[in-house]
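Lettered A, B, C and D in written order, each chain numbered from 1.
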Amino acid sequence: MPEAVLTTIAAFLTLCVLSFLYRENPFYRFAEHLAVGVSAGYWVVILYNQSFTAKVIVPLQEGNPLPILPCLLGLLLFTRFFSNISWISRIPMAYILGVGSGAAIPLMLQTFVLQQMHATMRPVGFGTETFINLLIMLGVICGIAYFFFSTRHTGAFGVATKVGIWTLMIGFGATFGFTVMGRVSLLLGRVNFLIEWVRMLFGGTAA
Amino acid sequence: MKRELPRMITLVTGVFLALQYYVPHRSSAHMYETLMDWLIVVGIFAILLGIAGLVRQHLTKIQSRRENWPYSVALLTGLFGMVILGFWGQGLGSPFVTAYFTLLNPVQATMFAMLAFYIASAAYRAFRARTLLATILLLSAVLVMLGRVPLGELVWPPFSLGSLEIPGIAQISDWLINVPNLAAKRAIYVGLGLGGSATALKVVLGIEAPHLRG
Amino acid sequence: MRWYEHLLNLDRRVLYALIFIAVLIPSLLPIGLPINISPEVENVFGRIDALEAGEIVLFPLEYDPSTAAELEPMAMAMLRHAFQKDLRVLACCLSPTGVTLVEDEIARVAAEYDREYGVDYVYLGYQPYPAIVIMTMGENFRTPFPLDYYGTALDDLPMMHGVRNYDDVALVFTVNATSGIDFWIIYGQGRYKFPLGLGSAAVMATNYYQYVQSGQLFGIISGLRGAAEYEILIDTEDPVAGRGMDVQSIAHALIVLFIVMGNITYFVDRRRRQQQEA
Amino acid sequence: MARSDSRHERRVRRAYPAALTLTACLLTALPAGALIAPVPHVEAYDRPNDPGETIVVAWELSPDDRTPPPGDADAVTVLSYRVLRAESPTDTLTEVGSALPGKTLYRDSEVRDNVAYYYQIQTVGTDSSLASSAWAGPVRSSGQWFDTNKAVLLAFMLLFCGAVLVLIHQARAGRELFIRPIPGLSAVDEAIGRATEMGRPILFVPGLGTSGDVATLAAYTMLGRVAHRTAEYQTGVRVPCYDPMVMTIAQDVVKSSYLDAGYPDMYREEDVFFVTQDQFSYVAAVNGLMIRERPATNFYIGKFYAESLILAETGNFAGSIQIAGTDEIVQIPFFVAACDYTLIGEELYAASAYLSREPPLLGTLKGQDWGKAAVMILIILGTVAATLGWRGFIDFFATQ
């Protein structure tokens, strides 16, 4: 198919989705359903060609029968469709949960707790660098205090939790401010695409 | 059997993996790789299960001519069309890749692009200095927003007021991100790390068993 | 209705239209506002610039069409820098809907610099469950990726000879808009201690600065702004991200204006109501 | 990596003196006419804390490893270092790899465990001259059964998990565990009350998490509470699901809550339904639901990604009261901006414990507080130690 036709189809779909901003409508619904289908189909192909081939088909061809086991385990998931034996699907679920949760325990403690704690242990004082360390340390302590649920937030502890929630709010504001650039970038990408398309239609130069 | 077997599997795999992390020996690493490979394969089937559910749902919709059924036709055409194209070939320039760039790419990209509009309306409608906390959030957001773009740096560069050095908006914005924001994220992470690992522990020990409830 | 009541009940579609115009006009008529280079981008640039020709860098490029507008310019700039420095590039994409997009980008940049596949660069493609893939790559790249994206065994690619795992790459720089960033930090850097740099979507960047301070990341480049600065550092002929910064300036200013207007109407309205009640 | 290796190296210097003494003797046999200087010192050791099959060869730079002095462009400098290996002192050496000038480490991972190897570094000059170092070895690789770098982590993990289990046990045994009131949880009841007054349903969105995510687990508890109250008020709750597994569990939760409240007939299976597993189609469907049914109250509890703002803004146009709770940090600001009340991060876990009063949840929350207290104290101690320059205390907690 010529490039111009393809670009026009893509532009049409872009406009279909944008029309939702005015109101929900059949064009939008069409684009949405088409995309769900195409993405599911795309997934099937990529999973088969990239993963299933490498993890199951190639080892089987090389005479390694072991990958049959996880395939059987995976097939058990489909017992969900038959209510009398649907409990069997819990076996692969149990495997997924066990592996995921077990690996998560040490890793979460290391990355989210110990490494964060270690990184906060910095020399403090009133120099340029050390004062920043001090502020960060106080911010972290107060922030953690805010998430303390065993004690009432009163007295000195209450002050700490107040500072904690202020710190959190500055953090959330900063995240919001940072995010604007990302979202505008995405819109910019689409607008540039539409500009190229219009130029192509009227100027005759393909993008 | 119906509850005990899954419970045992979760317990054994979970405890093994929590402790395997401390054992670098090759046999432990090999066992770990095998378990993870299996997880990937089981995961492929889980995704297929979801897709099978999707197909079933839309087929019934078409068969019973339920409201909006023609959209389901578009969905299934897209799905099976992609699968057929994919097994035909998927190098650059193949119909599969062309379909991806023509059909999927624009819809997904535009969906995310709409967030720019929503952020604008949220800014207008919701960012109001109603309370002290809301005001802090709002000020921090505005400063970071302006500090990130060249226009902000042009309008508010660093300057000195007598002997006082006033930082530019870009520096203020960087400071907000590197100091209070960093402290905030770190505090939240500590909480989530403890909460997350405690919950994982309960799942492994079967104290919390979401998959056995249903 | 008074003026502020109009503003108070302003149809959101008016706001949408204003934002659209604010993005459209500077796209057509660039202003060319100057872009300052921030220390954080300079730092990442310096880190890659200091590598020796022939060293291997691992680029996990993980984003999909929905976030490509923001991250593609950055990925392209990183790839160009690597090829300029004669580094060898090993790339993968652990985001299923991005794998095709990334393939196209790598092929394009490699063609610009006349690089040969399998000798100067290798694309591993996609495998599901990023956390697991990242962990097993620490043992051997061949465990999660026995074959490359094109179905060739890794051992048949000259570049991969003697390249086993993270130990054999000079650094890892991931351009990433997925939750995969956490996996690269926790399961990758956390386990295998390689130098890890991050190019992230702006929305996610604020979460990861703490890892720079804690030493788990050697640097962060965020969003289109970071890409624009990187483009300047490597002297890109066609700075895609650089042009976008004008749009960003106008759009940001407009959104700040929305916040200010919203607050003015809110306070005027509140005062009127208080007066009426009094 | 170089840094962590030099730390290993120091450790090895202490742990494997035998390997060192063997490398100490210099047997330099320079080929006649060679200009390049050999490396003064080589050692080889088994890489510590690894799966095995790797030997690290470390050397000191050759004196000629330098940039040529200005004005003397012909000065001979190092071109590369070749790493040679043999399996016995009488065997011939074969090249296993090479390193660029300035490098002092090579990891040989082409070895078998428990086999003795000998190494030699050959310095290659820019004039192609060669200079060989002394032999290092014998050295054998092996895998270790415990990673000593992670001892602190293991201790922390065992203490924390132990504390959680003890506290869960105590909670089950009936010990009262105090949890402070969480401001705004009263908003939940208010919101449900408002839905009754308006006679409109309540929408509960459990997010995009899978059935095992902590946030989703908390969402089940909140859903149980909401369903219980809606049953009392006879309003009804709609739950659109993203994950089929989450749906089956959510159905069960709603059913049993209605039963507890004494209104089992209120339960309709189609109220808790599966939508699709595609992020934006899911959002589009929930958006449609909000526009059509105009629920009085929307709950967004669980894992949310970019769709958070799309949902919250649409709910706003529809005029609903909105309550959100997520541990996905990036999305919290959007919920804070667009919703009436937001449970931030861990507050969500606490809220479910507070509402349900189930002993395992209360005990866990207590355990987490103990963990937080420990972290706070350690941070303060560590900061004091760092300020006083007492590195030992801080390095103790380095799990890298």
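What we mean here is this: a residue touches a chain if its C-beta (ideal position, glycine included) is under 8 Å from a C-beta of that chain, and two chains touch if they have at least 3 such contacts.
In this text the structure is predicted, and so the values were computed from the model without any measurement.
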item	value
Neighbouring chains common to chain A and chain B, by label	C, D
Distance-maximising chain from chain D - centres being C-alpha averages	C
Which two chains share the largest set of C-beta contact pairs	A-B
Rounded Å distance between chain B and chain D, as computed from the means of their C-alpha atoms	15
Chain A-chain C separation of Cα centroids, rounded to whole Å	14
Set of chain C residues in contact with two or more other chains	12, 16, 19-20, 23, 66-69, 97, 127-128, 139, 202-203, 206-207, 210, 213, 215, 225, 248, 251-252, 255
Chain B, residues touching no fewer than two other chains	18, 21-22, 29, 36-37, 39-40, 43-44, 47, 49, 54, 90, 100-101, 104-106, 108-109, 111-117, 119, 121, 125, 127, 137-138, 141-142, 145, 148-149, 177-178, 181-182, 185-186, 188-192, 194, 196-197, 199-201, 203, 210-211
Multi-chain contact residues (two or more partners), chain D	51, 150, 153-154, 157, 160-161, 211-212, 244-245, 276, 280, 306, 329-330, 333-334, 336-337, 344-346, 368, 371-372, 375, 400
Graph class of chain-chain contacts, one of line, ring, star, complete, other	complete
Of all residues in chain D, those that touch chain C in their complex	1, 4, 51, 97, 100, 107, 109, 306, 317, 329-330, 400
List of chain C residues in touch with chain A within their complex	13, 16, 19-20, 23-24, 27-28, 66-70, 96-97, 99, 125-128, 131, 144-147, 149, 151, 185-187, 190, 201-203, 205-207, 210, 213-216, 222-225, 244, 247-248, 251-252, 255
For the chain D and chain B complex, residues of the former touching the latter	49-53, 113, 143-147, 150, 153-154, 157, 160-161, 164-165, 168, 211-212, 214, 216-217, 220, 244-245, 248-249, 251-253, 274, 276-277, 280, 306, 309-310, 312-313, 316, 327, 329, 333-334, 336-338, 344-346, 349, 360, 364, 367-368, 371-372, 375
Residues on chain B engaged by chain A in the complex (per definition of touch)	2, 5-7, 9-18, 21-22, 34-49, 51-52, 54, 68, 71-72, 74-83, 85-87, 90, 96, 98-117, 119, 133, 136-145, 147-149, 173, 176-194, 196-197, 199-201, 203-204, 210-212
Chain B contact footprint on chain C (complex, rising order)	10, 12, 15-16, 18-20, 23, 33-36, 38, 64-69, 97, 100-101, 103-104, 107, 127-129, 132-133, 135-136, 139, 143, 150, 202, 206-207, 209-210, 213, 225, 245-246, 248-256, 258-259, 261-263, 266-267
